[in-house]
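Take a look at the structure set out below.
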Amino acid sequence: MTERRMLVVGAHSADFVWRAAGAIAAHTARGGRARVVALSYGERGESGELWKEPAQTVENVKRIRHDEAAAAAKAVGAGFDCFDLGDYPLGLDDAAVTRLADLMREFEPHVVLTHPERDPFNPDHPVAHAAVARARLLSSGAGVASAFATTPPSEFLVFEPHQPELCGFVPDTFLDITSVMDAKREAMSAMAAQRYLHEYYGQRAEHRANHARKVSGDKGVRFAEAFQRMTPKVVDAL
Amino acid sequence: MTERRMLVVGAHSADFVWRAAGAIAAHTARGGRARVVALSYGERGESGELWKEPAQTVENVKRIRHDEAAAAAKAVGAGFDCFDLGDYPLGLDDAAVTRLADLMREFEPHVVLTHPERDPFNPDHPVAHAAVARARLLSSGAGVASAFATTPPSEFLVFEPHQPELCGFVPDTFLDITSVMDAKREAMSAMAAQRYLHEYYGQRAEHRANHARKVSGDKGVRFAEAFQRMTPKVVDAL
Amino acid sequence: MTERRMLVVGAHSADFVWRAAGAIAAHTARGGRARVVALSYGERGESGELWKEPAQTVENVKRIRHDEAAAAAKAVGAGFDCFDLGDYPLGLDDAAVTRLADLMREFEPHVVLTHPERDPFNPDHPVAHAAVARARLLSSGAGVASAFATTPPSEFLVFEPHQPELCGFVPDTFLDITSVMDAKREAMSAMAAQRYLHEYYGQRAEHRANHARKVSGDKGVRFAEAFQRMTPKVVDAL
Amino acid sequence: MTERRMLVVGAHSADFVWRAAGAIAAHTARGGRARVVALSYGERGESGELWKEPAQTVENVKRIRHDEAAAAAKAVGAGFDCFDLGDYPLGLDDAAVTRLADLMREFEPHVVLTHPERDPFNPDHPVAHAAVARARLLSSGAGVASAFATTPPSEFLVFEPHQPELCGFVPDTFLDITSVMDAKREAMSAMAAQRYLHEYYGQRAEHRANHARKVSGDKGVRFAEAFQRMTPKVVDAL
Amino acid sequence: MTERRMLVVGAHSADFVWRAAGAIAAHTARGGRARVVALSYGERGESGELWKEPAQTVENVKRIRHDEAAAAAKAVGAGFDCFDLGDYPLGLDDAAVTRLADLMREFEPHVVLTHPERDPFNPDHPVAHAAVARARLLSSGAGVASAFATTPPSEFLVFEPHQPELCGFVPDTFLDITSVMDAKREAMSAMAAQRYLHEYYGQRAEHRANHARKVSGDKGVRFAEAFQRMTPKVVDAL
Amino acid sequence: MTERRMLVVGAHSADFVWRAAGAIAAHTARGGRARVVALSYGERGESGELWKEPAQTVENVKRIRHDEAAAAAKAVGAGFDCFDLGDYPLGLDDAAVTRLADLMREFEPHVVLTHPERDPFNPDHPVAHAAVARARLLSSGAGVASAFATTPPSEFLVFEPHQPELCGFVPDTFLDITSVMDAKREAMSAMAAQRYLHEYYGQRAEHRANHARKVSGDKGVRFAEAFQRMTPKVVDAL
């Protein structure tokens, strides 16, 4: 069997940590390859702590954010790239979609993770979703022979937003991350600028594990992440 | 690993054949155990061909329907039981729910399949859904220690109704039944009274395979069945 | 072409007047036959004005309500029957569903109108909907030969509730009742006990006509009623 | 202004504690009156810890559950009653609905809280919702003069279920319970049999406060509960 | 307590009058400040009456529309500005969103009103909604310290569209405008070019009051407007 | 009565064939006029078979696709035009919307057909839907006198997508195409490059006929197409 590849795309450089670091760690722990793409550094909307430094510059904020995200990605075994498109608002044009589609053709991910389609509390997350969904279709084509290079259609899931019900997020997949929770904690620790979220998402992982235990009866799930599939899963047994 | 058990509950004796015979065959082909329960024989609503016989009796119709369903179940490796509650309308009272819950406690299914919650074209299918959903919760309890015997919560999916969009059915799982399509055909052949559906559901399996190929890029899927999960799936990798 | 038959079922004796009197009048004006069935007289929940009379009795309230509804039905060319099942709460058991189904087998309606499935402001309307939906399926069968007498499946629509958005009512059909608005007004006038609704539903008919004009560009629509189909319409041209 | 009255109805004796104790405490702290009704003691489904005692009896379990719930209610300033209808399944018949409606006519609540309409993980919660919704309509009538005593329509909200997204719960109201969190903690402490939920719902209150801060910008919210209105709110300013 | 500020944004200069003039009047009557922004004059799509004048010019149409809207705004105590972006289609680019966001940073509204997200009968209303929603998020930021000036997140509601059910509008708030209905009528009278809507929205206010009375039991509500919240409300008591 | 005009807009040149050729044929068979507009030739995403030819050029692919589509349109009695905007991605800018709107003002269609609003398997179909919906509103105006030429609002329906449930497609109209199925087959035969779809959509027409027979009881429906209305239908009888 070939190596399984996972692509995680976030609007800002830290998004993947809170929402999918466990999924990445579980994936790489099984020998899969994972790649994280941030569309921006979140240098304006999410980096207020850094801007409290006198004489702070945008280049320096981006550098710090890059280092943090790269360290977090490394903690869960993934590579990290940033498109540096700017945030609040995220500057997504056709060229950026093409770049994403080209990356998908090259990396050929088996599974793609990104933000949900709606988020009434964030202007950039839905833009990121739309770009990923569009790039995914442009890179995989219509499922018939086409005039351009295509890649097989990936599984497509969205990760948990901050206020799930208000984003229309209804989880259909609970991922047991018990065995890789230490790696997720390490990834979270790398995000020094957003410390207030470490505790929040640590507790969230326990809550989702509680849900997963109720759903499955599996008492061994202590930490979990929640996901929602955008397209059906093809299986060979129920 | 313990043997995996599947329970399929239909309102009428033939429902499981068109909608889940492939799932059963795929399950038993892998060594799983499967049990089919029909809540009624469909002796009034679905057996018109049999009633064209002069001097037909309800006992005889039920006997024929039992033999057909048992043969179809056998073709896909499953046992068959009928609660014989009557159809059009399906006579489901608390005792029948208790009987279903007791059966679940005894059989301890890992996965349960039944009709979707809504069906604007059939008065019995939603009643069957409600009974199965309720029995499942009564048999598995609240996920905490309780005063009565419980069974671990099963995976709970609904199979494809006849007019999917109008029943609110949105498939999230396509099951590849290519390797067991012969068994499904044999099961369908056992249902002599509803021959007009053999071709319909044979073509439907091809269409769902077409969808599954588009979703996954897997060219090997020639026949498929569609399902929708009622509760999230707990997994250990995406 | 055979005479077209319409069946209108309301929870209380006056429901059909505000919500479907125009539809009935338009139907009978074209030579169709119409029958109104009230499941109750609304003698408790809707007849407060009558109960202000000293020494009022339930028999007398029902008699007055019957006479009013029969007069209103007559004004739009329909017959009127009441099942007299009691209101607040509407007492609907299996026997009442059977009675409705038998009536459908006998009358063989081409179109059936009743309340929407949900109404957070009325305990009886959803009960009426469920009974009509169920009776309709039991009387028409599964669309195949069956063991009992069946009638062809009718078109099934719900009429406008009092607070449409909160009942999940989304109209897909605006009926032009301009030519029969006088008959609807006469029917409304027959409901002496609920005078406060005459003006309300007179204005409502103007508003729905405004909507219908915007939808169609047809400036001739001055009064309209709104309906939502529960099952698709089969047509031979778009 | 008259004293404001709140009625909280749970399927099992402990439900109100985790989901609405803060709302009750905030209500009584402002001089309002609050009454908690449990439809059952949850003696079968939620009391497993108690049943681990040798020679345990159902009477004793109910007594303990009563004392715990009464103490919890007292901690937030409310009275407590139990209909003792049995759980798993909750035994709700017409008489119980009538009893609830009578209680509403007598207590005349301004606001009613109960479970959401759906819960794919609990067989009793939706039954409780349906009963409360029905009793509320039967006690308030059609908004016109009627043949029976009525009470003004109450505000009607549902409290947070255990797996919100999967119950269709979309909060539209975050209640700041910061000033009464100690009382909620005391109420939770009274529920000795379900200790594993104290931490869970303590954290949940912090998460909902985080959400409330994001929604409102009010940094003072440290603990919150979430609710969803079933009917619109009438206000005199936005 | 500081003065409460309301911002109302319409696609065309008259939108605020029919849909929110009562809300504005109720707001300013209590000492609040209100500002109306029209994104266009509706000079093409809504001003047909004016164009019937021979030798009419677009400048003159805009001037008349400005004067009417300013007079209407004044009647309910609000200031009026127009972005003059053109209508049918509304010309909304990133600069216009930035201008709106800047205005929000400067005015710091506590509550923002605009059109619903969908309207199958108007090409400009959804565009206006998207711009307001986006500007609101860009001006309030992520709820954490950021690199740019932010304003606290406002309450965000949509006002009633012309065909509510077909726009997905489900009111959760009925505003009693009885005491300010005269001001709303005066505002409507200022819109000479759209006289046919005066009667329509006068009746609509009576209908919404009827709904509000049914919801609340408050007999004093004679006129009302309907709104739907886009984000939850944070409260300190239910 | 004036001749009835139908406009069918597809993202790619073959879309109309599989999804609406029967509707067009039924329309023209009754004396109506029909016009097909393709926004692109689908020269990249749908023409892989043609690209297998050595030395193939994009001009030649477009020419072949044009000839096929024109022949298919002719087979069902319609004219064919292509905007040639490019596919994967479909290049739709404001000028293209204006061109569509101008075409609608000129052709004045009574009914417009296009793709559904959502399609998680195709990047171009939703773009086409949005353009058609927008052009339709821009060409018909607000239903009042306006500053520009308008055309009466057309009936607006979407045709069946390839994976209906996953596109949110819920049919409300089944069109009996039995009498014109030969013409549809001829149109399908003209699409040489997509032969694998002939059988698929031939069977689909039988399945939709099965559904239509169940809905209506009309045994004569042997082939059907499914549609969903985007705006209500105005009728003068039910």
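Letters A, B, C, D, E and F mark the chains as written, and numbering starts fresh at 1 in each.
Here, a contact is a pair of C-beta atoms (placed from the backbone, for glycine too) under 8 Å apart; a residue touches a chain by one contact, two chains touch by 3 or more.
Note that this is a predicted model, so its numbers are computed, not measured.
Trainee: Return the chains shared as contacts by subunit C and subunit E, ordered by label.
Mentor: D, F
Trainee: Using mean Cα positions as chain centres, tell me which chain lies farthest from subunit E.
Mentor: B
Trainee: Quick check on subunit B against subunit C: do more than half of the interface residue numbers occur in both copies, making it same, or fewer, making it different?
Mentor: Since fewer than half of the residue numbers are used by both chains, the interface counts as different.
Trainee: Hey, which chain ends up farthest from subunit C, C-alpha centres compared?
Mentor: The chain lying farthest from subunit C is A.
Trainee: Please compute the C-alpha centroid of subunit B, do the same for subunit F, then give the distance between them in whole Å.
Mentor: 37
Trainee: Among the residues of subunit D, which are close enough to touch at least two other chains?
Mentor: 121, 143, 166, 171, 211, 214-215, 231-232
Trainee: All pairs of touching chains?
Mentor: The list of touching pairs comes to A-B, A-D, A-E, A-F, B-C, B-D, B-F, C-D, C-E, C-F, D-E, E-F.
Trainee: Across the complex, what residues on subunit D touch subunit C?
Mentor: That would be residues 94, 133-134, 137-138, 141-148, 230-232 of subunit D.
Trainee: What residues on subunit F touch subunit B, complex-wise?
Mentor: Contacts found on subunit F: 121, 162-166, 169-171, 200, 203-204, 206-207, 210-211, 214-215.
Trainee: Tell me, which parts of subunit C touch subunit D in their complex?
Mentor: It is residues 43-49, 51-52, 58, 61, 88-89, 120-123, 166, 194, 196 of subunit C that touch subunit D.
Trainee: Can you list the residues on subunit F that touch subunit C in the complex?
Mentor: These residues of subunit F touch subunit C: 6, 23, 26-27, 30, 32, 111, 113, 140, 143, 152-153, 155, 157, 171-176, 211-218, 221, 224, 226-227, 229, 231-238.
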